[in-house]
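Each of the two complexes below includes chain A, the first together with chain B, the second together with chain C.
Coming up: the complex of A and B.
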């Protein structure tokens, strides 16, 4: 490597970026106790790993919601992973977090926003990353496995696909990435740092979630699952069927179609599958 | 000539010793404050030394007698020498006593020397190898210079014109002896153990460990609580100076006899822990430097000389190496075998848990499954992450009386987390059968019960321990009961010895103790034992932690079983490897601790090993190709139960309603 290249390499290494990690209050699946949400914690772990790799990376942790003791204890679970503070966008109970987050993100303009794919309480629709991306006009990459490097405002990401496949993507910053179980597991939360960390509370304009208010919420019940019927002649076939995920069948690949044709095809499929009636 | 030389020598050595002592004391005072009644401690010192310490030392008669002769001789000789030769009080009576003392010391030093010929591996070498020679130099030197004082030798022999050479040689020998005994004592030589050891006994952090004139050998095994209210207080020990000053003093008292090393299950299993080396590393850290001068067995698999530390530097490095590696601290099963054997009353387990607390509470570095178990304890109140509502599922058919219904009973049956373990559920069912057969008025907390906090505390998570403990104490305070009975010695220990500091005081009994009491009261009748030979494995948390060695043996005796003792039983019982979160942190070694224990069982020739702890059952039953079956005492008792003659039953039964349900129970 020539000296000027080396110097350039070092400069790139030093190039840290501003990362905002969105965290929510989780819910333990067995006991329902508030905790750090599994996916959001993985998102924070990803950011902390970036900080170690890319010195100069600044992590800001963001939570939008009401301020109460139970929630604070759960949020401290994130802080115990080794953070000094967290920004709390204070909202009354039942507010829509999206607008508050959009406003804050637009004002602070981080280069990368990391969020869990789906919240463990509330609607848990998994739409928040998409809504943020729509409002901010930033690209979104879901199901992230790792962040490989950041170079000249372009981040190289590894996206997880089903059955262990990975796809390498280059995305121009700013961008939003969402993580699920494919991302590395979160580190242990330690009591001492969690206790010492501070919250900076920013009140936001109350923005009632009018749609949620109209919803009727009930505990989920287990739904019947369609069984996979395997007609296998040999043990090898049976094993293959058990070990592999079902391939999508009967689909069609549309190439070089106009957006209208594409939308029409999707609309037709949703009708067929009785998603839309 | 000697008459002028000796006082100079003696008082120089004494002055240097005082300077050294002040320096040493300043090393100890780097530690954090600890409330100790200094005067009371000093007053209690002779008794602690002569009774409690010699109770431990006396387990090895040879070395005990050696020490009495050598140390007793030295103390007397040193005091008399200062009078006779230092201050020149040439009283023939004092001189005669001095001769006697130095002679006794010489005889003792001969035995010390004998032990240093092919010494066992547990003894440290290095400077300790020269100690017998120094002892001899001192005793011979003092003996010879005293002979003229009592007139056994003409003064002229030393005072004569040609004998200055002899005088010089004698002075040299005495100087050597004084150097080791006075100077070395305060400047870190082998004799440091006498100086630091005496003060350690006086200012021990667990004064309640020692017996008093009122009788009763004290027992103090509960870990000390961290003050979590005070946010400025450090969470555990990060650096040597974070220990309390009397803990540092305790480390300095180590004589490197290696008794701890000889009994440590982790050391025997080839895991990277040696209690003696750990204590020496703490001494190195306190003074600053490297462990290169350590002359004993290393941590298995870790060469000596690669670790170094300072009083205010981290003990465990964030990256790389510092004073001690984390896996050393996580290898400990907290079995207390080292503490039980230590003749200097050093508290190894306290120190290890203190350092673990820092790793868990400040760094979040509990290894392997540790983090998962702690998260489960926080979220579900049990280490396995099971639904707390399913705690009583194993007893769905037993109609167990609940505390929430009865509010007041004689006996609260504490189930422990074994309630989620299918193996331990058999033990619990057996215990319920026994309690019903004896018509005990008992109830369980059911789903109100939580993990006692034992594992969380030993993994260093004091916050989760205190959270669990406080909630358990709040639950228990709603009900009235005379005593708690449990088949889990870990719960027994925590409820009985560690909840007190947090405000929960209970009369707790292990099920073996309770069954023994029931049998003595004539409430249980057994059919004679028909099985093969049986040995008994003492759980650490029942035996060493709580001193209960007799009750389980009495129960087995009542069953008609003659216990074939293992070589290591009673207070010397070898750990099963299941304590202190060791199965969770799972530090690799060369062997497995439970395999070694089942080998002990095999050597005893027993076909069955009786146990009294869910952890021991799980660990010992996990041994492949074991030669003996593993049964809990409750199971043996339940199998041997026979119905009592009815006349006795109706007389004692306080709750006739329970009798009917007792008959329905089949295990």
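Coming up: the complex of A and C.
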């Protein structure tokens, strides 16, 4: 790399990017009290880690919802993580947050939007990040584990896969990333800074969510446990199904083989299953 | 008529005696001869007499049991001596269903993890069948869109059969390189093409972190639908727009939402019973239109090597588990490192202090869900076998060919575990070395 390129690269690094973090009001799973939402807090943690790594990164925290005491106490949970203010897009209870957020994001045009995968209240369908991506036309990456680096408008990410695996992705900015339990845990919220932080309230045109209002919501019932259904026509078969040990499907058994032959058979199976890397 | 029957049923006491005597040298051939003609003879244990009265031949009823004693099974299932041949046929008595002119289509996009239909996928196909078969007069067809290759048990026809038995009428196979890895934009383009060509009435996807949850939400927004997510119950409802109502989990699993079923639905595991009474055609279709290539803004750089020891045992993909039969523990740890496997252990190995307690697999330890579970020197106590119930493939290395683990295993090698592991490690290292040289 030539010195002037290096200089440019460093400047780019110093410049940082605009990050918008979308937060919602969570719900404590046992008490049902309002709190900072788990996944959104992890998203904010990710943004704060980016700020520490990439000086000059500007974080703006957004929440769309009504302004009331209960909600404010929960939202201050995010502010106590080390923020001075957050933007509250004010709208009445039961409004659709998507349109307000799209308008705001289109106007402020941050380079990276971080959001939790799904809300802990209301419908909680996890459709919001996808709706934003579709409306804004930005790429979306779900289930983020960490942000590795940002350079020249391209961000390198680690995506969490099931079974503890990770995948590296390169995404062109602007982009939306959604965060679930795989991201690093959020830091504690400090009470003093949370009290001192301020809200800047922006009223928005309310758009009632009429569909949700028609649905019937009830506390979750326990799902019925699936029974083991034995479809046997005769008493003998039913008895066999109930009493006998489950037998294997009769796998391949290699006896009297040299260790090399045995190892080869195992190696073939591992290759077929694609577990060897 | 009675004359012919009597002639058919002329008894040969000697043959009958041989058939009863399992130890007779001619037993097998006599049984085979009886099996060939016996099917017909057994069928006429009951006939309509000349006066219109049902006549029965009590001697033709029943069969000779394994101990040479005559048994009668009143359930009407028994088929005499041909047990082995007919039992498999009886088990395969699923109705074959072919739907030539479907009234509508139900599209399903299974996860197809590791190239196989998972339990979740099969439940989802069961739900799709419910939606398709609601009106017996005008049945719909279930179309499965498969990204990547399907690896069934066995090859060729058996593979297709596995799809048909899961309840799939039509298959759209998209196994291009483009769809491999994380390629939501290309996959979405393909699904949009399917939507344009086939216009299915419903789109069903698994609400699973293996890819279905992500792709389904993208598809819903692309089609402009408000997807029903976390669906776990579906009921018919005449007032709803599409004729179905569903119960869905909302708000991080704390709410049940009753709503009309939308065109795109993401369903949880156990949303319906998997198909097991019918067998479908699984006919391959090719898409008539070309799928537009999209310039993706997401570049997949591939999976990252993860330290297998850091992966939680319960969700590890590949486990190398050691038990009482392992003598060289250093070699075992080395093998796990080379193979990239997470280490597990049986209770004995943990009690003897060779492995940590959190590595124990089984009823008292961790219930694992690995795709490949390699048991080295583990005889397979029932508690251990419970813990590995949900593993796909089990490989056993053991000295004792009669132990329970061998019965459970898909591949079992009888021999000294130290030598076999050493040979396997050498083979893997050699292959890797060869690849590196080539690269």
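What we mean here is this: the second predicted complex is superposed on the first by the 214 of 277 C-alpha atoms of A that agree within 3 Å, B and C clash if a C-alpha of one lies under 4 Å from a C-alpha of the other, contacts with A are read in each partner's own complex, and residues count from 1 in each chain.
As a convention for this text, a contact is a pair of C-beta atoms (placed from the backbone, for glycine too) under 8 Å apart; a residue touches a chain by one contact, two chains touch by 3 or more.
Model, not experiment: these values are computed from the prediction.
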item	value
First (chain B), second (chain C), both or neither touched by A:216	second
When both partners are placed on the shared chain, which of chain B and chain C touches more of chain A	C
A:189 touches, of chain B and chain C: first, second, both or neither?	first
Which of chain B and chain C A:226 touches, first, second, both or neither	second
Partner chain in contact with A:81 - chain B first, chain C second, else both or neither	first
First (chain B), second (chain C), both or neither touched by A:35	first
Common interface residues of chain A - those touching chain B in one complex and chain C in the other	none
Residues of chain B that touch chain A when the two form their complex	231, 235, 360-366, 370-371, 374-375, 378-380, 385-388, 461, 463
Contact footprint of chain C on chain A as seen in their complex	27, 29, 32, 118-127, 130-131, 133-134, 139-143, 156, 158-159, 161-172, 175, 211, 214-221, 223, 226, 229, 231, 233-237, 247-249, 251-257, 259-260, 262-267, 269-270, 272-277
Residue ranges of chain A touching chain B (in the complex, touch as defined)	28, 30-31, 33, 35, 80-82, 187-193, 195-196
Chain A partner contacts - residues on chain C that touch it in the complex	73, 75-78, 114, 151, 181-182, 184-185, 209-210, 213-214, 217-218, 220-222, 226-227, 229-230, 232, 248-259, 270, 273, 276-277, 296-306, 310-312, 315-318, 339-341, 371-372, 374, 392-395, 397, 401, 406-416, 419-424, 426-428, 431
